[in-house]
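Here it is, the structure in full.
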Amino acid sequence: MFELGVVYRNIERADRATTDALAALGSATVHEAMGRVGLMQPYMRPIFAGAQVSGTAVTVLLHPGDNWMLHVVAEQIQPGDIVVAAVTAGCTDGYFGDLLATSFKARGARALVIDAGVRDVKPLTEMNFPVWSKAISSKGTIKATLGSVNIPVVCAGMSVTPGDVIVADDDGVVVVPRQIAAKTLEAARAREANEGEKRAKLASGILGLDMYKMREPLEKAGLRYID
Amino acid sequence: MFELGVVYRNIERADRATTDALAALGSATVHEAMGRVGLMQPYMRPIFAGAQVSGTAVTVLLHPGDNWMLHVVAEQIQPGDIVVAAVTAGCTDGYFGDLLATSFKARGARALVIDAGVRDVKPLTEMNFPVWSKAISSKGTIKATLGSVNIPVVCAGMSVTPGDVIVADDDGVVVVPRQIAAKTLEAARAREANEGEKRAKLASGILGLDMYKMREPLEKAGLRYID
Amino acid sequence: MFELGVVYRNIERADRATTDALAALGSATVHEAMGRVGLMQPYMRPIFAGAQVSGTAVTVLLHPGDNWMLHVVAEQIQPGDIVVAAVTAGCTDGYFGDLLATSFKARGARALVIDAGVRDVKPLTEMNFPVWSKAISSKGTIKATLGSVNIPVVCAGMSVTPGDVIVADDDGVVVVPRQIAAKTLEAARAREANEGEKRAKLASGILGLDMYKMREPLEKAGLRYID
Amino acid sequence: MFELGVVYRNIERADRATTDALAALGSATVHEAMGRVGLMQPYMRPIFAGAQVSGTAVTVLLHPGDNWMLHVVAEQIQPGDIVVAAVTAGCTDGYFGDLLATSFKARGARALVIDAGVRDVKPLTEMNFPVWSKAISSKGTIKATLGSVNIPVVCAGMSVTPGDVIVADDDGVVVVPRQIAAKTLEAARAREANEGEKRAKLASGILGLDMYKMREPLEKAGLRYID
Amino acid sequence: MFELGVVYRNIERADRATTDALAALGSATVHEAMGRVGLMQPYMRPIFAGAQVSGTAVTVLLHPGDNWMLHVVAEQIQPGDIVVAAVTAGCTDGYFGDLLATSFKARGARALVIDAGVRDVKPLTEMNFPVWSKAISSKGTIKATLGSVNIPVVCAGMSVTPGDVIVADDDGVVVVPRQIAAKTLEAARAREANEGEKRAKLASGILGLDMYKMREPLEKAGLRYID
Amino acid sequence: MFELGVVYRNIERADRATTDALAALGSATVHEAMGRVGLMQPYMRPIFAGAQVSGTAVTVLLHPGDNWMLHVVAEQIQPGDIVVAAVTAGCTDGYFGDLLATSFKARGARALVIDAGVRDVKPLTEMNFPVWSKAISSKGTIKATLGSVNIPVVCAGMSVTPGDVIVADDDGVVVVPRQIAAKTLEAARAREANEGEKRAKLASGILGLDMYKMREPLEKAGLRYID
């Protein structure tokens, strides 16, 4: 809790199979499955289109304009992790570039989610290392002040505990608490189970009004049609 | 006028041939042809690059975080329409995804213009259903409160009357009132008629200063050259 | 200094070879080489991904909603220049489109950097004329008020003197004062010299903590590891 | 409809007594009475606290950085009017200051609502002429391009027809269409009628849960209390 | 953890004397005493100047445009509490006005901190009930969807656990975790202890450079004086 | 030019009498007198209403989250100066509070203009030390990295050279280059000379249309009146 200058080495990660299975469902379905919570603010955007990943969160708390702790967090990465970086105050500096990405990737990281800026967008795209960020900026950072690694952080308006599952794609970034990852996967799969059937019906011209039986509640709510 | 809970089924749509012809001219030329008015605010961005469409507006007024009326408006879509969705207060939630897009497309809609958020960007891109929106967000919505369909709305700062022509491309979204669609098409074509010639001149190195005869008015305005 | 209605025809441009060599280094490296200064605000974004250019600045000061001086600046462009456009107050109008781009290109301009809006994004992309701008907007402009050409301007928070070097890519736009262009090139090259070696080490799994010898200063700063 | 260069001299104003009575009810109550619509975007803020007014709208459409039409609209002001100024594109320039305010006040205007900037905040405060605006800025404007007076406009996201009622206070600006002004006044008064009684109950410690009989619907919705 | 539809009735509140003592120290000193963490984002502003309060947090999670749970949280307020309201997605609606404030005040609440909008600013000011909010807006809300009371929330970028101490004044809103409230009070008092002496020295013309003995470290860092 | 780590001790200040005389004219008049240039971006707001000052600029370039150089600049303040603080990247941290204000005031500073955040708003108001800033924030800063003092900086979009005149009031902040201060004062006075007469005319009901003889140019521009 607001501990500065500490690195937690042992965190309990969400189950690997569960974590990995969540990627395919996508951030929107997972967010719905959790009861429409867990989504980071929509200013978090991918640096290139099409990436869709899930992974276990290792967290890092940074200070404005200081990326020292990104080197510290690199050592704590295990294969299948996604690094989640929060900053103690709003900042758009470019904390992360292709050298750090090379290191993160070598450690097995799948992505970076950072509530600040990133740079080297072109090489990062070429090496296919996805980043969700608040900004893109060449602005470099210093290495002067300690933050922390693997403490609970708030990133883009969402609380992240180390070991939670991160699901990120073109629609945004969702945080699934470790304790409800299995339940969420189940709910997300159930949600998706009959989507194919629904899609076929809608494609054939059947209206959602009929498929979801909305006409009666709409009428009860007072909807009037005027010719 | 601020009617809630009503659906107008019969609207007068702009002439089909006129409407369809406006797409090729693009939002910038059409906006100029109208006297530099009609453009929605520039925060309205396409979810993928390259789409260029025109269509007749069917409108829907939504409440924050509530997409119920999108199912209601689906039934009012006719081939060649573009759905224009306004919200009664600022909201970035993801009101629209691939299921609704499947339904809209089956009804003949060409695009969605929404002053809020959208999700399922990847499948929407794959199915080539263009959306212009204020945000991209996985955040889901509820179905609790009535809005209206086919009433005049304000979308991204611009008044839209059902049946008006919408022209949208990478540069933005323009609203052409139905009554002046034909006149606007004519003016836009006139504007574009000699663009090829102008482009050739400029490409050859002739300056706009000479081509547009600006040197004299600039001098009159007091422009001084200093060597 | 705030001169309105003047066009300076003779400006001292940075050395051509130096200017051209800076493109390959990219905005992030050049910005670092200058001591982490010189970067325009990160809201300046390219209209398409992948462009990476450098050039000598010709500057133009515009008024809100008035692009008259863009025609005046066209005449002052020499091959290898980049036009830098500032506005006397915040404005997102689309000052620049494919006709002006055709003219600028014919004069030898490599890019436009404008603290306002641009339009005709699709044709500009097709003709491969890169623009870094604050906004994309169809909104047209008038030709009524004199600004100036080749006076010092402030563009997106950064001072630009005519003849300075502009380096722009997917990460942003950096301004290198003419007087320090050679020194900056040298420093940027030195910075990049051993990047390949560093990248190889990091890719092999060596940590930045060890490569940069950070463990001792981190310990001195009080970093604690908790198991 | 997007007419430029026209001044409508005869507009139908909302009933004077109805208009004047709406001020005391305030923007929040009036907005509720209309079904939670009619509110301009909340970036519209008063230049000083405490003003609470209502009046009939005379409208003016301006261009970015050009306040010429504010002089034209001055002539159309009648006692009890509020001037509503829209701009064809986003602009924060200071269109209005103490000289224009002196003129507006002499004509009987009660306030200005402008989707742009204002200046001379101190003298305007001293002369007690309230303005709701998007920005405060010393930036002056030119007089070059025609807009229109008393056409329907969109101001801060809300459609305004000349003669509509404007209700503005510290909470924001509401537009009441002329045709429903009487009905809205009635509904607003009904809404306010028992507020005193409610306030007394709540002040005595009675909970809204009980006063509004919410416990049962909350329980039905599934609310659980955990000790 | 993202529990919806629950109300925790028994929370452990920070020590009353400690909580109350923190108000006088102010948000800046308290934030420094915690190691420069704990501050909500600076868009949280008071609706009137001069209020300076501390209190124990009771939390509520709301949905966009829905204030139902504010009535539920009212019942959980104890004298000395401050209500902290988070929303599951960005929203500027006016969730709170003078009736709810009357109820909150009757229950003993000292303030409201809400990551959304508030209305009835004038009566709230008159009854001296301070609110820190993201926006001011007349926009009303509905009562349709369950949130939760007294679960951990993220408000304006900061994690708040029920029972934590909130310190708010003209400079912003700080969250002090319950467990470190006593230690923080001590550190804040120590910090302030010699401020009077420092202030006197600085007022007498002694420079911070000398008082804080900065000349040597500045010189070591390479600072050069040029005459 | 982008020099870091330097302090210029001898700067040429604008003439004292001229500088002091500009305060009474206000930012709007001075900005007009310069040809509508020189205004900082309108997000620069005073921390309390009513202050109206002018002074000679001493400048300081800061890094994000680092206020070390504010102590360095304090020593360079002479009576009648206004400190102008720029930051190398966007930052809202609270760089300045009541202790620094005490020191600045003791040195004779009249105000601070800072393109970042400020704190201790209440004591600053009580000691009547005006600040124009981008944000208000309790967030503290570190003292780790050298910036510079009395180099040319860009503050809120405007170039400031040490010794320039700053004019600031409720409407914004204007920069008058030292070389044109006398000329600007003269022009501003001329501008204001007949304002009293104009105000009296307008107050008597005479329209700007007539006083400024606008009817003919409006008619020529095509303005049409419709009854």
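Which chain is which? They are A, B, C, D, E and F, in the order written, and residues in each are numbered from 1.
In this text, a residue touches a chain if its C-beta (ideal position, glycine included) is under 8 Å from a C-beta of that chain, and two chains touch if they have at least 3 such contacts.
This is a predicted model, so every value here is computed, not measured.
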item	value
Chains touching both chain A and chain C, listed by label	B, F
Equivalent of C-F within the choices A-C, B-E or A-E, defined by over half of its residue contact pairs recurring	A-E
Between D-E and A-E, the pair with more C-beta contacts	D-E
Whole-Å separation of chain centres (CA-atom averages), chain B against chain D	27
Chain centre separation (chain C, chain E; CA means) in Å	41
Length of the line joining the C-alpha centres of chain A and chain F, rounded to whole Å	42
For chain A, residues contacting two or more additional chains	36, 39, 42, 63, 88-90, 92, 137, 139, 145
Complete list of chain pairs which touch one another	A-B, A-C, A-E, A-F, B-C, B-D, B-E, C-D, C-F, D-E, D-F, E-F
Touching residues (chain side chain B, partner chain A) in the complex	5-10, 68, 71-72, 74-75, 92, 94, 97-100, 102-103, 105-107, 117, 119-122, 125, 135-140, 143, 145-146
Contact footprint of chain F on chain C as seen in their complex	1-2, 4, 34-39, 41-42, 63, 88-90, 152, 154, 157-159, 177, 179-180
Chain A-facing residues of chain C, complex	26-28, 31-32, 36, 39, 42, 45, 49-50, 52, 169-172, 174, 195, 198-199, 202-205, 207-209, 212, 214, 218, 221-227
Touching residues (chain side chain D, partner chain C) in the complex	63-66, 88-93, 137, 139, 142, 144-145
